[in-house]
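The same subunit A turns up in both complexes below, where it pairs with subunit B and then with subunit C.
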Partner chain A sequence: MKHILKILALLVAISACWIGLLQVSVIPESYTWLLPLYFIVSLGCYGILMVGVGLMQFPTCPQEALLLHQDILEAKDFLKNKGVDVGSN
Partner chain B sequence: MDLADKAVGLLLSVISLSVFTYYTFWVIILPFVDTDHFVHKYFLPQEYAILIPVFALAALLCFLCMFVGYVMLKSKKKKA
Partner chain C sequence: MGNEQKENSNKYSIIIPTYNERLNIALLVYLIFKHLPNVNFEISVVDDGSPDGTQDIVKQLQSVYGEDRILLRARPKKLGLGTAYIHGLKHASGNFVVIMDADLSHHPKYLPNFIKKQMETGADIVTGTRYVKGGGVHGWNLMRKLTSRGANVLAQTLLWPGVSDLTGSFRLYRKSVLEDVIGSCVSKGYVFQMEMIVRATRKGYNIAEVPITFVDRVYGSSKLGGSEIVEYLKGLIYLLLTT
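Showing the complex of A and B:
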């Protein structure tokens, strides 16, 4: 419950800032109307950018993959010798 | 396999950066340019700068609601 209240308080603060900006008219009014939409679009863009950057930098660890394959083969042989049915790949 | 991942990641970041610069240019810089500059040819009329994101948001919301409803119906049918 407290978390929802925190988020609501943040939203109310942002809307108050926006309405205050509208009243003061430092920026031309057409800009102030488009500003929330601009921030939403840029937030979405930032999310997609972070996903793309993370994908590009994802480490694949080829040596560990090889070691893992060897471990799997070793385990399969061991279990087959003990009589457990390891099945097909 | 990791090359495909890198390519998809690069594509995503390029798309996001181009959308961001296009939208920034559209909303912030274009109103300051005189109306008979040639740059206005490359950008749609300004009403579309509002319509397209709002339409995309509404479509996303509709899709989410449909997906949630579909999953709920399927789970109820499986239980019955």
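Showing the complex of A and C:
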């Protein structure tokens, strides 16, 4: 099944629940009408939170640049001896 | 340190698309040979008519390492990444294919990890991820990290891709799987990489991940501007609707 259909099915299910809530009136109607808005805002906040958390935990590897630099020197050395032209780009 | 290397009868074709990578390709080839001492592999350099003489360097490398280990698959001009992989696949003799970038942002020292992971899990695809513990990126400023993280969250929410790094292009594919997936992909650039992995997920292929470190562009420059962001968003919508 295409992915978009899965998402639409999910949205339809959520909408059905919402309409059900409207009909049953367990929660005051004024509140129920605003539920979709709350849902969208929560989703937005969750997204921003995930971006923030991910940004804080963003894995960095400064030592890798140094290791790479050493690898490059080693490679240039080897290749020069074998007659490969390792002049700069 | 016991080296419990299981019998590995697989052959790995490493496809590297190049454009003006005269120096990097030589360094990369050296590092690949350094880190895969007991592995049966070949390197396929798909060069799009580089004006800086990349192909001459590849020929020099062939005389050092052997023409059976390094294949030069030249093309007349820049023809795109997807077709570069297809071109490299055409004469690939391995049963597994590795794709990686030529600019040294993908370090060959992770190749044994890819191979090991695949043998352990029997995965169809092993993809390198920069965004988990053990992985990482160097050379990105805050803005770049923010865009990357935002893009990733958006893609995860919309596409449920099953992998943590969608735009990464350091991957090991079972050759038959790559041939199957690449046939149905039409995007360009890094959206192409996303399309590949999302289509593979949709087709039910077994995908494993290994952490990799990514050092951005040692020689040369890499840009991320407004147009790239627009392309990315368009790509996301396209993938949302068609996969």
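Criterion: the second predicted complex is superposed on the first by the 75 of 89 C-alpha atoms of A that agree within 3 Å, B and C clash if a C-alpha of one lies under 4 Å from a C-alpha of the other, contacts with A are read in each partner's own complex, and residues count from 1 in each chain.
Assume contacts are C-beta pairs under 8 Å (C-beta built on N, C-alpha and C of every residue); 3 or more make two chains touch, one makes a residue touch a chain.
Note that the structure is a prediction, hence the values are computed from the model and not measured.
Chemist: Give one of first, second, both or neither to describe whether A:68 is in contact with subunit B, with subunit C, with both, or with none.
Modeler: A:68 contacts subunit C only, not subunit B.
Chemist: In the overlay, answer first, second, both or neither for which of subunit B and subunit C A:42 touches.
Modeler: The answer is first: A:42 touches subunit B but not subunit C.
Chemist: Go through the superposed model and pick first if A:14 touches only subunit B, second if only subunit C, both, or neither.
Modeler: In the superposition, A:14 touches no partner, neither subunit B nor subunit C.
Chemist: Applying the document's definition of touch, where does A:85 land relative to subunit B and subunit C: first, second, both, or neither?
Modeler: Only subunit C is touched by A:85; subunit B is not.
Chemist: Does subunit A have more residues touched by subunit B or by subunit C?
Modeler: C
Chemist: Please indicate which partner A:22 is in contact with in the superposed arrangement: first for subunit B, second for subunit C, both, or neither.
Modeler: So A:22 meets neither subunit B nor subunit C here.
Chemist: Between subunit B and subunit C, whom does A:55 touch in the aligned arrangement: first, second, both, or neither?
Modeler: both
Chemist: Check whether A:30 is in contact with subunit B, with subunit C, with both or with neither, and answer first, second, both or neither.
Modeler: In the superposed model, A:30 contacts subunit B only, not subunit C.
Chemist: Just which bits of subunit A does subunit B share with subunit C as contact spots?
Modeler: On subunit A, the overlap between the subunit B and subunit C contacts is residues 51, 54-55, 58, 60.
Chemist: Note which residues of subunit C are touching subunit A in the complex, please.
Modeler: For subunit C paired with subunit A, touching residues are 20-24, 26-27, 30-31, 52, 56-57, 60-61, 63-64, 104, 107, 130-139, 142, 145-146, 149-150, 152-154, 157-160, 202, 213, 215, 218-220, 240-243.
Chemist: Enumerate the contact residues on subunit B facing subunit A in the complex.
Modeler: Its residues touching subunit A are 1-2, 5-6, 8-17, 19-20, 23-24, 27-28, 31, 49-50, 53-54, 57.
Chemist: Spell out the part of subunit A that touches subunit B in their complex, as residue ranges.
Modeler: Listed in rising order, the residues of subunit A that touch subunit B are 28, 30-31, 34, 37-38, 40-42, 45-46, 48-49, 51-58, 60.
Chemist: Going by the contact rule set out above, which residues of subunit A touch subunit C in the complex?
Modeler: Within the complex, subunit A touches subunit C at residues 2-4, 7, 47, 50-51, 54-55, 58-62, 64-65, 68-69, 71-72, 74-76, 78-79, 82-89.
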